[in-house]
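Questions regarding the structure given below will be posed in turn.
Letters are used for the chains, namely A, B and C, taken in the order the chains are written, and counting of residues starts over at 1 for each.
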Amino acid sequence: MAASAPILSLKAVAKHFGNFTAVDSIDLDIAEGEFFTIVGPSGSGKTTLLRMIAGMEQPSGGDILLRGERINDVPANKRPTCMVFQSLALFPHRTVGENIEFSLKIKGERKEKRRARALELMDLLRLPQSYYGKNVMKCSGGERQRVALARALAYDPQILFFDEPLSAIDSKLRKTLEKELKDIHRETKKTFVYITHSLEEAMVMSDRIGVMRAGKLVQVGSPQEIYSTPNTRFVSEFIGDVNVIAVDLATDGLLKSVSHAGKLKPPTLPAGFVSGHLVIRPEFMRFITTPSEADNSVTGRLYNEYALGSRIQYQVRVGEAVFVVEKLRQQAFVGTLDEMVTIGWDAADSILVTD
Amino acid sequence: MPGKAQRMRHALITAWTLAAVVFIYLPTLCITLASLTSSRYFQFPIDKFGLDWWRKTFNSIEIRQLLSTSITIALCVTVVAVVIAFFGALAFARYDWRGRSIYQKLILLPIFFPQSVLGLALLLWFNALGLQMSWQTAVFAHLVWIVPVVTLVISIQVYSFDPALEEAAFDLGASRWQVLREVTLPVLFPGLFSGALFAFLLSWGNFPLSLYTTGADTTVPEYLYAKMVAGYTPGVPVLGTVSTIGAAILLVGGYSLILAMRWARRTGSE
Amino acid sequence: MRRPVVLSPGNKAALPVLLFLLAGVVAPLIAVIWFSFMPPRTFSLAAAPTLENYVTIFESTSYISFLWSLALAAATVAVLAAVCFPIAYGLVRVFGKWATLLTLLFTIPLFVSENIRLYGWVLFLIKNGVLLGSLKTYFGVELESILFTRTAILLGMVYVYLPFMLFPLTLGIGMVPNETRDAAFDLGATRWQVFREVELPLSMPGVVIGFLLTFVLAVGAITEAKVLGGQRIIPVAQDIEIAFTYAQNWPLGAALSVLLMLVVGTLVLTALWRFDLDRFLGRK
C-alpha cells in the first residue's frame, strides 16, 4: 500500500442542488497508480462526485487536493486530469487520428509529433494503424471505446477518470474490455478513477473499491474485503444474490431469528452486536442429508433451478423465506423439483452485519 | 398489416398527394408559360412563342437594381439572423435555465403573427422614431420575423448535440474559444447552414414586410406586385419564373450539400 | 470556475435574441397600442388618450371586415385540415424514402413570394387564361371565370397556407410510435378505433400547431383578397393598411391592429401555454 502521500485527497467534499444533497461530505484518499472504483446505484451521487474531481462541477463545500494542492478553483482544461465520458463524446466530424491528437493540437504540437504519438497509442490500444484516417462514427462500439481512451491518454494526464463508459456495451464485449482496461492500467501505470453501478465490473479491475449510497461512502476496501466482509447489509447485497436472515443476539451467545426455528451458530461476533442480519453467500450453502453435517441448517422445498453458465443456482423455499444455493456445474445437486431438501452452512462462512 | 383495404387506402393517399403537388405547382407552370409569349398580353393558348421578354428583362437596368436590392437585403438578413439565432438556439435547446419555457413561447410570437400587421406596426414604429424608410429598415423588419424561424431551425440541430462533446474538448485542454471553434460550430454546421438557407430564401421572397418598410427602395416582390396591379408586361412572369427557379436551385442545392456533408461524415474523410 | 453566477450560459445565449425582439417586436407593439388611444388622424403620441377609434370600429364597416377575416380563416383551416391530413399521413407512413423528396417539393413554394404564386392563379383562372382559354379553344366550352369571387379568395388562401398546415401535421403524426399503433391493433381495435384512441390523441401537438399557425396567419391575410378577389371582401388587414396609408388615420389603423393582436394573442397563448416544444421539435 502507499506509504507516500496520496495523489488525490478529498476532504469533506459535498454538493447540494438547492435542497437536494447529491454528495454528503466525502473523505477519501487515492494512492498514486491505483485503480480506484466508486460503485453505487443510480442516484447515489457517484457521477456528481467524479465530475467535481474532474472539474466539471463546483463543490458546494470541502476541498479537493491534487498532490497536496487545492484545485477547487482550477478549471477543467487546466487540471492535469482527463475523463472518458459515458457517451464517449468522440468528435463525430473528425477521424480517429484527429480525435486522439486533439489535446496535442490544442497544445500546439507539430503534425509529425502528433501523428507519431497517436500511432503509438493506437498500438497500445490495439487499434490497427489503418484506422488513423477513418471517421470515428464508422467504428464499432469496442473500437470507439479504445479511441476515447487513446484520446484521453494522449493528454498525458496524471489521473484518468471513467464515467461508466461500458454501460451501453453488450455483456460479452464488456467483459473483454474490462480486462483490457486492467491491462492498460498496468502498462501505463497511471491512476485510474472509475465509476460504475456494477460491483462485479469493479471487482474485475480495481485495486480498491468505494461503495456509495445516497451521497455517502459506505465502505472502502479491496475487492476481497468488500466481497467477504461487507460492513452493512446494503454492501453485502450489492453483488449477486445473498441469503439474509434477521437475527438477534440471544443470552447464550447464539443467534435467534423470527423466521427461523431454533438457534443459529454465529461467526465471530462483532463488538457490541445486539441485532442485525446474518448474511450467507450462496456458494457457501450446501445440500446435506442430516442437520449434523453443518453448523446451521434449514429444511425447505426445492422450488426451481437456474443455469448460470459455469454455476447452477437453486432456489429453496423455507416457508415465506427464499434461500439461494449455488453449486459448480460439475457438482450439481441431484434431485427433483418440489422435493423437500436440507441445506446448511458453517458458521465461519457467514457474515454478521448491523443495520 | 397487409391487405387489400390497406393497399387501396395507400393508393388513394398517393393519388391525393400527387394531385396536391400538381395543385401546388400549377400556378408556377402558368407563370412560366406566360413568360414565353412574345406578345404584350397574356392569352392562352399562346400564339406567339418567344424569349423576347426574357432578353428584355435581363438587359433592363431597372430589373438589375431590383435584384441587387433584394439580394443585398437577403444577404444582410442572413448574416445577422444566423449569428443572433445561433445563440438563441443554444438558449432554446441546449441550456437548462429558469425562463426557458417562457422564452420558447416568446420566440414563437413573431412567427404566429400576421405579417402585414407586423409590417405596418414596424412602419409606425420607425416613423415614431423619425427614421427614413430604406432597404436598411427592411432588413430590420425581415429580421423580426426571420430570426425566430432560424432559431427554431438551428434548435432542431442543437437538440441532438451531445453537451459532453464540449466538456470533453474542454477537459482535453481547449479554451472556451477553441471549444467553440473546434467542436461546437463544426458539429452544428448543418443546422447553421439550413438556417442560413432559410433566412436567405425567406428574405428574398418576402412581400408583406418589404412593402411597408422599404421606402424608396424596391425589392423584386414589391415590383412584381405593382406591375401585377397595373402595367402588366410578360416581364412580370419572367421575373417570377426566375425567382421560383432561383429558390428551387438554392433549396435543392443547399439540401444536397447537407446530404453530402452527412454522407462524408459517415463514410470517413479518407 | 464561476463564482456567484449572475448569468448562466442559457441566460447569456438568450440575450441577443431577447434584446432584438424587445426592439423589434415589443417596442413597435407598445407604440401601436399607444397610438390606438390617440385621437383620430393625428400623428403624434403626445395627445390625450381617447377611445374614439375603438368606437369607430364597432360603428363602421371595419367590424364587418374583422368578421369576414375570421370566417375566411376558419374556412381555410377547415379545408386545409381535410386536405392535408391524408398527405401528412402519407408522408409519415406511406411514402417511405420518397417522403423527403415530396417534402422538398412542398417546401420550395414557401420561398417564392406569395404574390407571384397567386398571380399564377390569376393567369390560370382569368378569361382567356390557361384554364378558360384551353376550354374554349380545345373543347369549345365557354365558362365564367371564378376569379374575383369569394371562392377565388378561399382558393388562394388554401393554396398559400397549405405548407403551414401540412408540416406541423406531419410532425404530429410522426410522434405516434409505430409500436403503440401495433399494440392497439393487437388488442383487437378496429382501424377507426385505433385512429380515434391512439393516433389522433398522440398527434394532437401537431394538430394544434397546424390549426393555430394556419388560422393566425390566415386571419392577417391580405394579398389573396387583393389579387384574386377584386373588391369582393376587404379583410381586416386591408382595412388596417388603408387606415395607415390612404386614409392617413394611424390611430384607427392602430386600434384595428390591437384588436387583431388581441384575438391572435389570446388564441396563441391559450393553445401554447403548456405546450411541450422540446418534445415536439425532437429533443432526445
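Note that contacts are C-beta pairs under 8 Å (C-beta built on N, C-alpha and C of every residue); 3 or more make two chains touch, one makes a residue touch a chain.
Every value quoted in this text rests on a predicted model; they were computed, and no experiment measured them.
S.K.: Centre of all protein Cα atoms: which chain's centre is nearest to it?
M.R.: Chain closest to the assembly's C-alpha mean: B.
S.K.: If I average the CA coordinates per chain, which chain comes out farthest from subunit C?
M.R.: Of all chains, A has its centre farthest from that of subunit C.
S.K.: Could you let me know which interface, B-C or A-B, is made of more C-beta pairs in contact?
M.R.: Comparing A-B with B-C, the pair joined by more C-beta contacts is B-C.
S.K.: Measuring from the mean C-alpha position of subunit A to the mean C-alpha position of subunit C, what distance in angstrom results?
M.R.: Whole-Å distance between the two chain centres: 57.
S.K.: Using mean CA coordinates as chain centres, what's the subunit A-subunit B distance in Å?
M.R.: Inter-chain centre distance comes to 54 Å.
S.K.: If you average the CA atoms of subunit B and of subunit C, how many Å lie between those two points?
M.R.: Centres of subunit B and subunit C (C-alpha means) sit 17 Å apart.
S.K.: Please set out, as single numbers or ranges, the residues of subunit A touching at least two other chains.
M.R.: Residues 55, 75.
S.K.: Using the touch rule from the top of the page, what residues of subunit C touch 2 or more other chains?
M.R.: In subunit C, nothing touches at least two other chains.
S.K.: Provide the residue numbers of subunit A that touch subunit B in the complex, in ascending order.
M.R.: Checking each residue of subunit A against subunit B gives 54-56, 75-78, 81-83, 85-87, 89, 91-93, 95, 102-103, 106-107, 133-135, 137-138, 151-152, 155.
S.K.: What residues of subunit C sit close enough to touch subunit B in their complex?
M.R.: Per the touch definition, subunit C meets subunit B at residues 8-18, 20-21, 24-25, 27-29, 31-32, 35, 43, 45, 83, 86-87, 89-91, 94-95, 102, 104-124, 126, 128-130, 132-134, 137-138, 159, 162, 185, 212-213, 216-217, 219-223, 226-227, 237, 240-241, 244, 250, 253-254, 257, 260-261, 264, 268-269, 272-273, 275, 277-278, 281-284.
S.K.: What part of subunit B is in contact with subunit C in the complex they form?
M.R.: Answer in residue numbers: 1, 10, 12-14, 16-17, 20-21, 23-31, 33-34, 42-45, 83-85, 87-88, 90-97, 99-100, 103-118, 120-125, 127-128, 140, 143-144, 147-148, 151-152, 155-156, 159-160, 201-202, 204-208, 212, 220-221, 224-225, 228-229, 236-237, 240, 243-244, 247-248, 250-252, 255.
S.K.: Applying the document's contact rule, which stretches of subunit B touch subunit A when the two form their complex?
M.R.: Listed in rising order, the residues are 162, 164-165, 167-175, 178, 182-183, 186-187, 265-270.
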